[in-house]
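After this come two complexes, each holding chain A, first together with chain B and then together with chain C.
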Partner chain A sequence: MSLAARDRRLAWGLLAPALLWTAAFFILPFLGMVALSFAHMEGRQIVHGFDAGNYVRIFTDWTMLKALINSLEITAVVTVISIVLAYPLAAIIAFRVPVRWQRLALLLAVLPFWTSYVVRSYSWLLVLGQNGVVNQTLLGLGLIAEPLQIASTRAATVIGFVHFFVMLLTLTIYANLIQLSPNYARAAQDLGAGRWQTFAHVILPLTLPGVVTGAFLTFVLCIGDYITPQILGGNAELTLPQLIMLQLGRSGNFPLASALSVILMAVVTLAYVTSSRWLRLDRV
Partner chain B sequence: MRHLAWAYLAAAYVFVFLPVVVLVVFSFQDGRLPVPPFRGVTLDWYAKVLADGKLMAALWNSLVVAVVSSTVALILGFLAAHALARVRLPGSALMRGVLIAPLTVSYLIIALGLLNLYTQTGIRLSLWTAGIGHVVINLPLCFAITYAAMGDHQKAAERAARDLGAPEWKVLLLISAPMLSAPLAAAFFLSVTFSWDEFIIAFLLTRFDVTLPVEIWSMLRSGLSPATNAVGSLVFLVSVTLVILLELLVFRRAK
Partner chain C sequence: MEMTMARNLPATCLALLMTATPGLAQELNALVWCDHTDPALIRPFEEKFGVKVNLKEYEGTAAGLAILEQSRPGDWDVLVIDAVDVKRAVEAGHLAELPADQLPTADFFPELVMAENNVVDGKTYAVTEKFGYNTISYDKSKVDPADMEDMASLTSGKYDGRIAIYDYYLPVLGLVALGQGVNTADITADTLATLREPLMALRKASKQVSEVVAAQTALATGEVDIVVGGGEWLTAVLASENPNLDWTIPKQGALRWAQSIGVVAGSSQPDLALEFVKYIVSPEGQAALATSSCYWGMPANAKAGDLLDDEAKAILRWDRQPEYLSRAQLYPIPDAALDTAMQDLWTEMLNQ
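And then the complex of A and B:
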């Protein structure tokens, strides 16, 4: 056996465990889920077959369609607000904070990222709730007469999400900004560009791939999240993941839950295809 | 303009830390509700939480699942990265894609797929079934981090060892792993923090023994309580300690 052939066999041997794991516990279950989405329920029994009824139902039943629309709206709003808030924060840390303090400034800005995920939404409940910190403060200052209803609304869900994704995006955008050579900005300014022009025509386009990558991550994590809308949004309106969990829990309707998941997956894939031109997943 | 920048930075810190500060402050609340007014300091809630057998069992379960699943993910990811970085195989770009793919799929979908697989094959739900899911989500991460870290310098050292007659397991153990200790540690710690904090997979794929996030979730159902604040603060403390250790041990040394 030649050396190259032996090398290749060895490489396959090293690759096999990871590939088999991914095939058995990711690809196979995923295909199973797609197959199950074409099954239907008779009573509490799953009847396998090829029946597009679940999909027809999703697009004709207003509760289901509304959940999809809610998810898309919330995710879009969260992604845009998070980028708009995170970009200046990352830029200030990268360009205004002295270099020796930058790492600390960044670490501090994303420290709450490490609070437990369930607890983070719960903490916002303490801040935004009926007798929470915000309402008590505003009442104490005499700015409002009645407590504001923030918890159990879409606003609370959005605030909870934005909090998380501002931290995530600050990290990714900062990483992009410090990789830029300062020569670009210098060259632009030597050629007579003002601060704003330098930013709009030089810095921003150069960091666009990083922003798009961050936006894509935000989109994927936000649209698939169950906890934040469940804790902060309550059941005032449903998002897609909440609807999926309802199908699993209350009615045990696995086929419908699978169809909803396939739709979720399709939306994410669509987002991926749209942004893939600028996406640099290997550079996160 | 300068003042505006500092004001923005300050406002951002307030926004980011607000929920954490409220969480920690009201974990010391001497009263039934973790909301203003603050009625004084007590450590009762911490005592209550630490004496709660179910909670401590869940904490232990979380740690075991996190460490075991991250170890498996790291070994599988490292071996695959080593193979793909070393030899040009037909379809290696496709294989990289397959290994990374779970990163772009919502955890809920991964959990649902596995739940369905377990139901159909009759595998009973336990901590291990959730652990399998955690390996699925952390394997791409471990693979990507170690793959990105493998450079020419390292390949040269491996080749030298091989030329001197070292068998492949010795090359892996004595050359590759020590040279990649920083990224390996980073991948491991990151996996541990993700797994230890993961909710939806653990929620759908465990039954009687649950992990900490699932136990906290069931605490939430009984409403607001400073006990939940105390648990949350403890978890935060553990995670932050991990992050600071990682920063000090791995990234400082790497520089």
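And then the complex of A and C:
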């Protein structure tokens, strides 16, 4: 057997477990879900077949369409705000914090990951409530006369998400920033570029893979989450994952839940295709 | 039938057999609601029979039945289910017949025997274990308790933005129906249409629609002052921290929730599963279940009253049960089409 053939066999052998795992726990269930999305309900029974009724309903029923729009709006806002907050934080850790303290700074940055997601959401509910820390502070400072209605609004959902995803984006952007040679900035400045020009035309383009990777992960995790909108949003509006959960837990309408999940997968796939040019998941 | 063996096998013998024979049926798998996960409830049974009870929580009958449908026979031994959905579980073949003569239903509050729900074609498949009310919970230091006696006050404008709606369509739609003078048993596709406007008006007056913990948090922190669909199950666990949290049944009435327990068909250890059911509906089990850590509720077995202290009974309104029971109606029991219509209306309300 030639060396190349042996290497190929070895490569397939090493790949096989991952491929089998992916086939068994992603591809096959996904195909099953797609097939189920074309079934329909008769009473409480699932009737298998090819019926596009679920998809027609999703795009013609305003309640369902609005849930999709809500999800996209919230995800877009969360992703943009998280990038705006995470980039300076990552830059400060990478360029201003002494190297020996950077690990500690990163550790502090990811500390919120250590607590349970559900507990963190309920904690935010207490912080943002009428008698919570935010309102009490603003009232104490005389900045507001009446408590602000933050909890059980979209703003609360966005705040809860941003708190979580700033940490994620900080990591991916930081990983990109520390790989940049300082010579790029020096060369730009030697050529007469100001600090802003250096950032806009040199640093930012070079760190775009880290930003896009973090943004993509934020998008995927945010658009698929139903706990934060449920707890912090107070069901003030429905998102797509909440709608899916309603179909699963309440109605037992698995075909409609599958169709909604396929739409969710399609949105995530679209986000992947759009960002794939810059995506560097190895930076995570 | 295997179940008949248990009729002749005293529980003590079964307990001795379990503890003396390592490896023999040492685990019991129960699909339950969160109130069954309190160690104070489960431990006495585990110690008596020398077994471990594995508890899996689920929410919503559809989710529970889906779990059973995706399981192999023998995976589950015990099922706790909404009493009004027992027939649905029986029709799906998920519940085994229980020996009615071994159940202490003679000691139950008469309204809680619920034979119309637990007995199908003359066979008993489940037994009621706990009940309570979906009604109005409120903070009496923030709202006028007299207002809470009339559902109309909720949408009068006086409490706009101070209300949370419990996120469960059946009891809340039932309450809205009662507010419109429609009995829960009379809800049909036609009457449902008349509930749309009052439901949306209630939503407009509300700040949030929340599941149990979020509704409790909102009430406890002053985020809202009223929870529509609440009751003793919502406020009792908070009563020690905030005695101002109260509940009442308004003049229009309230919904009575009830949960039943049964043995799963195909259980690999039906005798032990039956013993668990019998323990849960015994006075000891009932007292522990009534005051379990997740949520409180009235025990179906009235003899549990002998084991509950005065404070617990006061919180549960033990003495007012005859009056409350007479004024409360059961959950609506919709067929599949009406159920879908009710959920669609609820989803529309959520996304209003």
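The definition used in the following text is that the second predicted complex is superposed on the first by the 260 of 284 C-alpha atoms of A that agree within 3 Å, B and C clash if a C-alpha of one lies under 4 Å from a C-alpha of the other, contacts with A are read in each partner's own complex, and residues count from 1 in each chain.
Here is the rule we go by: contacts are C-beta pairs under 8 Å (C-beta built on N, C-alpha and C of every residue); 3 or more make two chains touch, one makes a residue touch a chain.
Predicted, not measured: the structure shown is a model, and the values here were computed from it.
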For this session: Could you check whether chain B and chain C clash or fit when both are placed on chain A?
Result: clash
For this session: Classify the contacts of A:81 with the two partner chains as first (chain B alone), second (chain C alone), both, or neither.
Result: neither
Problem set entry | Which of chain B and chain C A:178 touches, first, second, both or neither | neither
For this session: Give one of first, second, both or neither to describe whether A:132 is in contact with chain B, with chain C, with both, or with none.
Result: both
Seminar exercise, completed: Chosen between chain B and chain C, the partner touching more chain A residues is B
Exercise. After lining up the shared chain so the two structures overlap, which partner does A:206 touch, if you call chain B first and chain C second: first, second, both or neither?
Worked result: neither
For this session: Would you check which partner chain A:248 touches, where first means chain B only, second means chain C only, and both and neither mean what they say?
Result: both
Exercise. Who does A:226 touch here: chain B (first), chain C (second), both, or neither?
Worked result: first
Exercise. Is A:234 contacted by the first partner chain B, the second partner chain C, both or neither?
Worked result: second
Exercise. Which of the two partners, first being chain B and second being chain C, lies in contact with A:72: first, second, both, or neither?
Worked result: neither
Exercise. Is A:15 contacted by the first partner chain B, the second partner chain C, both or neither?
Worked result: first
Problem set entry | Clashing chain B stretch [against chain C; choices 80-88, 116-124, 170-178 or 242-250] | 116-124
Seminar exercise, completed: chain A positions within both the chain B interface and the chain C interface are 122, 125-126, 129, 131-132, 231, 248, 254
Exercise. Along chain A, where are the residues that touch chain C in the complex?
Worked result: 41, 43-44, 63, 66-67, 70, 122, 125-126, 129-132, 149, 151-152, 230-231, 234-238, 242-243, 246, 248-254
Problem set entry | chain A partner contacts - residues on chain B that touch it in the complex | 2, 5-6, 8-9, 12-13, 15-20, 22-23, 26, 33-37, 75-77, 79-80, 82-84, 86-87, 89, 95, 98-110, 112-117, 119-120, 132-133, 135-136, 139, 143-144, 148, 168, 193, 197-200, 204, 212-213, 216-217, 220, 224, 228-229, 231-232, 235-236, 239-240, 242-243, 247
Seminar exercise, completed: Contacts from chain A onto chain B in the complex sit at residues 7-8, 10-15, 17-19, 21-22, 25-30, 32-33, 36, 85, 88-89, 92-93, 96-97, 105, 107-112, 114-120, 122-127, 129, 131-133, 136-137, 163, 166-167, 220-221, 223-227, 231, 241, 244-245, 248, 254, 257-258, 261, 264-265, 268, 272, 281-282
Exercise. Given the complex with chain A, which residues does chain C contribute to the contact?
Worked result: 59-60, 62-63, 65-66, 88, 161, 164, 167, 169, 207-211, 213-214, 217-218, 221-223, 335-337, 339-340, 343-344, 347-348, 350-351
